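The first chain written gets the first letter, and so on, giving A, B and C; residue counts start at 1 in each chain.
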């Protein structure tokens, strides 16, 4: 045990004395969250929209006036048909179209229920989401005012239609994505590199020719990265909760436990990479192209998996980050519990066991 | 005396089926307990492969070896408890201080710096003033002393030093060999490899190794005794022309530059006069000839040439 | 060596400082055409820094120097064209063949195709590498590599060749073959500037300088140095001087 602690301490010395490592370990997560956070909270002002008013009554003109008056929107066009709506989107002139059906005013008055359709260009999901939220807010205001605060059963149902990206990925989804990426970076890549570095500098030779069990050498190297990952998880969650206002709807305990599971899986993967490579360059290359890029592309964080070709969809099942991403999104954003993510948890655990088994099998007690 | 290290017909091959490099082609030798044994040969002779097999880092393709009576393949765990090893490259953590390095290596060998301090005292005292300095900031000579201290901290029964003096200047080399003599007095068996032939005379016995084969094993004096031909050191003003002229002397076995002099290996005794006359005929100025005792480098050259 | 011999390297109070550390401390010397100049010193004495200044890789902090008649401050490009350089660590591309290496390095120095063709054949013949010309350099024994590297370094017929520990780890026979090549190069008028840890090799030099703590503490022929320090070998001269060193690399 004393040996083990001494090893872990040495590992911390290495980390604390190398500014670059420190930066990647502790600076990178913050930077990633902030960058993605800015992309998300970038406020939309004076977005060009179009209105297709099929009713042309008092109610609609007053609603349109409200929209025009809001600082978020600039009514660029009044349209006369659905065809025009599509054309305007294709030309890229507008970001959103507001469609008011025929008899809006009389429906509202007599049926106490009218409908508004909001069509947004969701190829930029963040903007689309923001715009529809703003528009819905304006409509709600309008509704409140015509009912004059009385609790009358007037309701305007707002229908959303997202063009091009029906799932509306983007909003809030980056936090789970960044967590997966950071843990991959810290655990898989940094662990692999730090072990392989000892092979390169020759210190591994001395360690192997010592009574320390080789497996102990590598686990001791993994411990500091596990601890730092926990710090990273905490940092990211706090940043997203306090700075970016992303809610944590589910159980925090479950979220942390799941993150530890993924961290350990990434560590096992890092150990496996370090066992099969001899140079830092190769270790970095394998981690980046073999692990990091798939985590970015195939986890569903950047691009929706549902829209990918079948072959890529199948490949995405092999990416641990995908399952973690699903878990975090479910627990954090949707607020569901273990009963909803047990399948993903099981898959991730299976991967962990596989990586551990492989890295023990591939681990060399000698140089060659 | 008992045997500390025994190598029996060791073979090591690298590479694929298509292109095989034979690093070791049947190497056998024995090292007695308490001996300072030198493995002497140029780069690529197989020294590092040999050391890695003996320290259980590599498995030989053929033959077997024991260290302290334990088999290097079967009983590698036992051997790893008993040996000290200093690989060719400086095997220290450059970003840890002198003291941190020493403490770390003490812990992984289940000991403390205090426990065996008497063994490293002489060496460590020289670097102790810099104990808070990072190992990466030490000079070559100091790094070497620290690496040696780290390799000794658990009082190994056999110490393996792979090319400890390569790339180190003459002064540091001399100091290093003085340290090895002192360690030997404390009863530690030492195997050391080096490409510098002049270091052979500092060992109890040496093995001369070239392209994976041991050419000779003996005491330095024994190796020199085995050199049969008479050897003459020659010097003149124009050394380059002298070498060319030497090579055309009929009674010559071999000739080569050797520091200040050229060495001429003659075929028979009593040819020195003949050689002198021959060279004078070529009008060499300030010609000097004297019969000398060969050193290990002369022997190495002779062995290399008879082998090929 | 007469007084009127052409000076290929002149250094006058040449100095290099890194912050408040003076790596090379006002060294002055001259090297004549065709001379084999041994540049010795303990680890960290400042040899590498001095060679970098002389080969145009590093601008001096103070002092003057010319190499092949060019100024080390302003004419580094011309200097680089008139010198050859070989070190123990990097000299050839291991993953290129013998022929490709020659072709590449000759190409760098702008040799004509005809020149490269003629001289490659001559060189391969001299080194007895004709059979190996299409083999990767990494498959050659170290001694052959070093001999090839030297030939490549002087392929473009430079005025000066800088050799940084060219024979480290090379077997004693090949080491001597290497020095024969150095002698031949010097005979043909190439000035050789060489560092080594083998003290017997110091004896092969026409003149030897020994650096201690950034300064040149001794500079003479091996014979005079031994007389001056009243010892029998260059090794003893070196040890006498380098023992005084206070700093390390």
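Just so we're on the same page, a contact is a pair of C-beta atoms (placed from the backbone, for glycine too) under 8 Å apart; a residue touches a chain by one contact, two chains touch by 3 or more.
Just so we're clear, the structure is a prediction, and the values are computed from it rather than from any experiment.
Path length between chain A and chain C in the chain contact graph, taken as the least number of steps between touching chains: 2. Here B-C and A-B are compared, and the pair linked by more C-beta contacts is B-C.
Centroids of chain A and chain B (each the mean of its C-alpha atoms) stand 60 Å apart. In whole angstrom, the spacing between the mean C-alpha positions of chain B and chain C is 26. Across the interface of their complex, chain B is touched by residues 2-3, 6-7, 10, 13-14, 17-18, 201-203, 205-212, 365-368 of chain A. Of all residues in chain B, those touching chain C in their complex are 19, 41-45, 138-142, 166-172, 174, 195-197, 210-211, 239-240, 243, 256-260, 297, 300-301, 304-305.
Interface residues of chain B, counted against chain A in their complex, comprise 52, 55-59, 76-77, 80-81, 83, 85-96, 100, 103-105, 107-110, 150-151.
By the touch criterion stated above, chain C contacts chain B in their complex at residues 41-44, 139, 141-143, 165, 168-174, 176, 179-180, 183, 187, 197-201, 203-204, 222-223, 233-235, 238-239, 242-243, 245, 247-249.
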